[in-house]
Amino acid sequence: MLRVKLFAKARDVAGCPMLEIPWKDGQTVSDLKQLLVAQHPGLGPLIPQLLVAINNDYADDGVVIQATDEVACFPPVSGG
Amino acid sequence: MLRVKLFAKARDVAGCPMLEIPWKDGQTVSDLKQLLVAQHPGLGPLIPQLLVAINNDYADDGVVIQATDEVACFPPVSGG
Amino acid sequence: MSQGLHMISLTHSPIDYFALTESVRSSQSGAVVLFLGTVREMTDGRRTVALDYEGYPEMAEAKLAELETVARSKWPIDRIGIIHRLGRLELGDISVAVAVSCPHRKQAFEAGQYLIDELKVTVPIWKQENWDDGTTEWVHPGGGNSKP
Amino acid sequence: MSQGLHMISLTHSPIDYFALTESVRSSQSGAVVLFLGTVREMTDGRRTVALDYEGYPEMAEAKLAELETVARSKWPIDRIGIIHRLGRLELGDISVAVAVSCPHRKQAFEAGQYLIDELKVTVPIWKQENWDDGTTEWVHPGGGNSKP
């Protein structure tokens, strides 16, 4: 299982700050986005802007995620 | 007589914070500079950069000075 | 990292920008620039009553440290201090303070503006508007799914 | 002049930049920029032990008021505060503080930088260096006898 932290509107829509996603070796950021929507269809509209962070760094769609990575998904940031 | 305030290096060179210059109607900023050097030759080297203010505003060489104006002469400013 | 003195943190308390500014002053620097972001009442004709800030603390601190490293590679920065507040903020409250000292003022202005501009697009913190009609709304700038 | 709230002055005392910054904060503004000029030890390899600032107070205050008017014509400034210190300043002391608030940060950075840049060329204040070899020297930027 991959543990995925959610923040801001993504957390509100999912109704949960942390999701657990069944995970296979070799799956990527892009795969994660599909699995998130399958589990929580409400996240669909957020996907085009959704940012994925692996171990505190932003990751592009093609990056492979290990089940042991620290992963977070969230909309564009708006601090300041 | 025209009273002329001096500041910074101009005051140090003249050795005085206020000079009194015999003044005739119609004389200009340019005339004032010549009269200053005549009275205090040490001011000569400062003249090319010397700024003249009339009633709290910078004045060009051609401006006519009234004996009742508030006049000040000083080198380029260096505050901040 | 050997980056000299700095104070970079997230807090749920009011920001003491005086202490932050004092922490970047130094006789090696002729210029200090402080930026404060404060909660503004009106945005595009709508009235805000409060903002709620949420952060992803571990990553936010990592990104702030990165930001410091990059800024130091671009300008001869003496000291940097950044504090971002999280939680409920009322009108006029300070949400973020960025202080930087440099030998000369142009460097300090450029570095200060760079730090707050980059903070706003790379550091994982989000704000939720509380409008005066009782509705709430996450502020999520639009624009592609590329890295910010 | 109806220019809203402002605090513009010369002083022989240490500058209370915290009070100055508080005076420009407002819930109409999302951004505050504060600039502090401080006495730097090293200039072109020479060591300063102190600076003496002298001003022409009546004209300096007139020029600062003009500066405020021009800045307000260029940016949507909410509040402005400027304090310049005169007299003997030691290393690290604050010689000038400029604070400005605006709705958005880009405006506040631009206005703050404009105010200090213009102050340094138009406001009649002069500094004298006290070098560590015991000599003193007026700082008088060169350049023609045109208006600054």
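Letters A, B, C and D name the chains as they come in the text, with residue numbers starting at 1 for each one.
The rule we apply is simple: a residue touches a chain if its C-beta (ideal position, glycine included) is under 8 Å from a C-beta of that chain, and two chains touch if they have at least 3 such contacts.
The structure displayed is predicted, hence computed values, not measured ones.
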Chain whose mean Cα position lies farthest from chain C: B
Geometric centre distance via CA averages, chain C-chain A, whole Å: 25
Chain A and chain D, separation of their C-alpha mean positions in angstrom: 49
Residues of chain A whose C-beta touches two or more other chains: 80
Contacts with 2+ other chains: residues of chain D: 37, 105, 116
Chains grouped in pairs wherever the two touch, ordered by label: A-C, B-D, C-D
Footprint of chain A on chain C - complex, ascending: 37, 53-56, 58-60, 62-63, 84, 95-96, 116, 119-128, 138-148
Chain A - residues contacting chain C, complex: 5, 7-9, 12, 47-51, 53, 56-58, 60-61, 70, 72, 74-80
Residues of chain C defined as touching chain D within the complex: 17-18, 21, 25-42, 91-92, 94, 101, 103, 105-106, 108-109, 112-113, 116
